[in-house]
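Have a look at the structure below before the remarks.
Chain lettering (A, B, C, D and E) follows the sequence in which the chains are written, and residue indices restart at 1 in each chain.
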């Protein structure tokens, strides 16, 4: 199994991100994503997961955010300032949080835009389209409808499928499980696993569903208020008592009912 | 120095027209300054201010220049004129609006500060009708006349006069408004095609003129029966239409072309030394000539005012007196080097509008020039005077003005 | 999974309370797509009613029907024993329905406080004219309602972001603000569309606590769509299961969990 | 007879409508590709036409500025350029303009709300208007690229023989119709069936997502603005030939707006159908009803007509359905 | 750390809701009002009044009006010119028909009439949205101008269709007509601008304003949580038109003194006011003032610089002015798409943190 120290494909070095010139969001985040691995980025709401992913794929500019310190390298070369499209050509594609399908395009057209940067011919693209449909049969049923009118889950599949269509080397997945039925969550992660193992695609995924994420990931980083507070191999994190309590919802006696957590408690912070 | 601001427009929808007029206006004063050292020894300054034919900018220009001792304004815009009439009356500055502006300003006893000699729109309408009478052997009974007009204060001015004239002479009048800028006139001209009027009159400005001439040609309307007001009779209006515009007619109250003695001096003192406004590219054009004509009248009035006041450094009130005592005879025009360039003007305290005479010019598309085809004709004062009296009285009542003379 | 005594209590609650809203034979079509196919179920006073089902099953559409945004081609809605005439959504809101949305529908240009205040719009009656003058009745009313809203802000622990424009908030907090807005309306029925999507366990626990508190303290009836089975099973009194627009199950969590059709269509495997 | 008059008005209205459509097309393209309502489209037509005349007549660009700054007297180079080269050169300049617009304006406004982009195009319109005037002067220019103008005699005689009433149809309008039809066919094919066309529509929906799948916004924008620039050039040529190249040319944008509204901002065929309906409607209305209400109804009538259509179809006749979901 | 809010505690919800929560702002505001009312009238001359301050104040009123509709309620309108014309012609008809009634009453009534007309033209907004609506409002623009041009009753049958404002006085001071002094013009407009800005502020901080903003941000969600789109949109149209109508009435009666519908209230006016609010900042009352100041002052400044100072030919200056204003609009949008108001707020946020960068 690949681990963080060997052959890092993508490296984030102590970056700082500021929105709107005044809001400091990331306060020195470092990550390293090994080639062929699945790396999970965990953390609560507003921890800065999305921001980190956008910093990598250079999508911050359009939100008036900027990386003010630190460095991001892909295959050893810095990517800052690169056109996002150029990055996709290099094989890094992001599945954005909140789906972001092209509403007025049909599901199939959405998928085809994923293949925009490819130049390996129609046949190959058609083959991959079939592959995506085989992963997500529901999409095939809805292929002719405008994406804007499909349900939340269908849109999530569409966004995933669209990314796969670009035959990427690395996929940045932002909250893939959000809004999906439990069965489908497992399915999506199975697909991630299959793509990872079968085609050697590297994944960096931001996830709230720590449970599943840590089951499929090889390595995990935990982010809080813009800082990495913990990282390690997935199994190690799974066993960590703090992670267990705050991210997996387990107490010593195993999973407890949501009905029972009624009393107010202050969470322990790694960093004050 | 004497200050005569030039509120011009060289941009916007009417920039192409305004530029030529402003050039003529500037160049004549440059000529006086260069050749004669000004008027009565006082140089004339013509600080220019761009109004873009926009009333608010016009007001800004007026306010910006009036402090410098401005004597007279000539904004070349009916809209701005209406804006300035109350202001000049309060500030006691002369407003000179030859061939445009408020027609009833001819009544000097109500409009103390406004002059619109040699002719106004109602004069124009009447002269045009007289010409039509001439053309149809002195009788317009049963004839049909269509008026194509710029749908604005300017274009609406002649309507009432024409209505009265149609009653008097027994022709029917059809009014066809065109919204500015007026690039689309298909339906109006197809109406003309259907109704087959004998004559078409036009009160247009800017791109509307040439579109109308083009459309007239498209429905094969005989050009010689199509007559524009003086603002619809410049090269800008006919050149783009090409050969189809041949024979188109318009009113005018000034001469065109460079066949006047004054141009020898103009060439020597202004154009060749490179002092001409915009490099002198429009010298002799219809609008250039009209701008120059306005400058001539103002210069003559200044001269008169200097005589009356006994000092060359006159103020605006003295200039008003100069205007009211102004008389420009054919002899005087010849003396200036512009023989037969404009009608005779005789003004007084209550007549601020001169004789109202105008003539007809016709476009020769082959030679690409205008030629004058009639002599100066008097308008039908019998019809016009009551109209002017009524309109100015209404204004006097609204603004509590007691007639002066 | 440990069975909780709460589940039994809730069964009881579901069976004995009077019916507040009754949906009868609802069918909803979009062109060729049948989003809801002849579904009937009821909602009882004070219960927590969950709707579950795979993606695209028609759950959100169902909420839209209840809140009057979609008009079903067939079917009737009975509210408090009376048939509800055709109504505009804002009229439905006046009956005492409030909701949150699957794809957060906050007013991005406004502060958190203003967003929550909009929840009280049916409680504030001062006229345009008196608001223009401000001094006097309008200001008094504003201050009174502000006090109510502050209670909700305290309750949901979002004091520190009161004045922040919601556009800048992270996902989880947005969800909480949306809940606050819905609560501010003091609704009879609260419709929640995936309120816990994109949250980690700890945050879900908080959210559950809020939901249960609302239900307990104000006796608010709650309709809940959620994909986290843990949450659904622990919280709800009765569950409706939808699949492809059909109803395939209705009953207590335990009954539903044991329903083979539900297992095959949605849960995948018998849930832990 | 009255019927024949009316049908002549109708035919002329249809043709006028085609002329509006030429301008509307440029709007549609940019709107489709970037969700930007490009206020500068009319000015682009003016600018293109001015440049074309300037090149063909061998005018010295910025002559006026140079003269004012250095006290010299330059005006013409003294050569003339054939229309076909002039058009090619102008098209190149419009591509240059597209690149400049992308680099200096759009690039910095990725992901902003439509109204902000709209505003930026207004700034652009002002800038271009000033630039055109400074470069080529504000005089009325005559444009002649060899398109025939004036009444078509053959149609007149043909209809005269057939109906006993000669229809007056401007040959320029016939040309406009042919050119517009060709443009529409080409553009529809492009946007529906090619990869770039699809990418263009994707960009219109969601800038961020488009970026994230590797569509280069910069490329798409340059491409679309270049095409729109070309369409503007075509419109400029037609209108410039019709009524001279001058400031008022930029105002024909106002005639294109109701066409857009009616046809739908996002639909290329809509631009043409909208143009036909508007042209026909306003001409017939002015012809029949105008005289009763005092005339000059065309400006508002076009808008009111479009408004009535919109009340029934808020996205215009062919516009994409406005997606309303929560 | 001169500019700060620390130590400036609010102890009631009332205080918390006030217009200028920071003490320094409040003082600055009072000082500005003091200068505007007590100093400026004594130093103003007719150039400053007619070319700068009066148009600035009038456009600020119109901009606030349009900002209510577009910035707060999200309904883009290009009918401002037409609505200003309604205000102008209403006040003209009222002034000439009832000369005895105080002019302030006429101006307010003109606003009210415009409000009714605005509501009428606001009806399509229930179906039509976004740029479609913007273009649809042009129907109002063109139709209204046509109407005032065509029906002689509106211009009292004058020969040319021009309307002229007769003289009317307030406490013996002429505020309309040619004899009006510069301070009188200025003060009249200032009173209206201040009172209307205050009303706009009240409306936008209360529930009405929230409903408008809710409709703007997400109309469907707003309707589902209980906003009646009909009343919300129509009230926005009404209030907005009321402001715009007053601006039109002032423009005609106090500022220009004479007007003609198609020239003074053409489509350009609609665009100009829209530019003002976008440059100034959508959804900001301060922004309305800033935008009006920017677009009134900049051309005057540029003209004075290029023509008066540098002595360039006027046409070249006018063309360059277009280029510069156009370029500056783009520049400002790039620097801060949310307008001058946001730029101002960001500066303040930085000042608050100063000397620390974050």
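Here, a residue touches a chain if its C-beta (ideal position, glycine included) is under 8 Å from a C-beta of that chain, and two chains touch if they have at least 3 such contacts.
Remember, it's a predicted structure, so these values are computed and weren't measured experimentally.
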{"item": "Number of hops, subunit B to subunit D, where each hop joins two touching chains", "value": "1"}
{"item": "Intersection of contact partners for subunit A and subunit C", "value": "D, E"}
{"item": "Chain whose Cα centroid lies at the greatest distance from that of subunit D", "value": "C"}
{"item": "Pair sharing more residue contacts (C-beta pairs) when C-E is set against A-E", "value": "C-E"}
{"item": "Centroid-based (C-alpha) most distant chain relative to subunit A", "value": "B"}
{"item": "Chain centre separation (subunit B, subunit E; CA means) in Å", "value": "37"}
{"item": "Centre distance in Å when subunit A and subunit B are each reduced to the mean of their C-alpha atoms", "value": "75"}
{"item": "Centre distance in Å when subunit D and subunit E are each reduced to the mean of their C-alpha atoms", "value": "32"}
{"item": "Junction residues of subunit B, two or more chains touched", "value": "10-11, 15, 19, 151, 179"}
{"item": "Junction residues of subunit D, two or more chains touched", "value": "133, 138, 294, 296, 299, 325-326"}
{"item": "For subunit A, residues contacting two or more additional chains", "value": "23, 149"}
{"item": "Contacting chain pairs - touch in the sense defined above", "value": "A-C, A-D, A-E, B-D, B-E, C-D, C-E, D-E"}
{"item": "For the subunit A and subunit D complex, residues of the former touching the latter", "value": "57, 59, 61-63, 83-89, 93-96, 100-105, 109-110, 112-114, 116-117, 146, 148-149, 162-163, 166"}
{"item": "Subunit A contact footprint on subunit E (complex, rising order)", "value": "346, 349-350, 353, 358"}
{"item": "Parts of subunit A lying in touch with subunit C, wherever the complex brings them together", "value": "19, 23, 42-47, 97-98, 138, 142, 145, 149-154, 156-157, 175, 178-186, 208-211, 246-249, 253-262, 267"}
{"item": "Residue ranges of subunit C in contact with subunit E within the complex", "value": "67-69, 88-90, 92-94, 98-99, 101, 105-110, 114, 117-122, 124, 126, 128, 131-134, 138-139, 142-143, 146-147, 150, 181-182, 185"}
{"item": "Interface residues, subunit E side, partner subunit B - complex", "value": "46-47, 50-51, 55, 96, 146, 149, 158-162, 164, 166-167, 177-179, 255-260, 262-264, 268, 300, 303-304, 307, 313-315, 317-319, 322"}
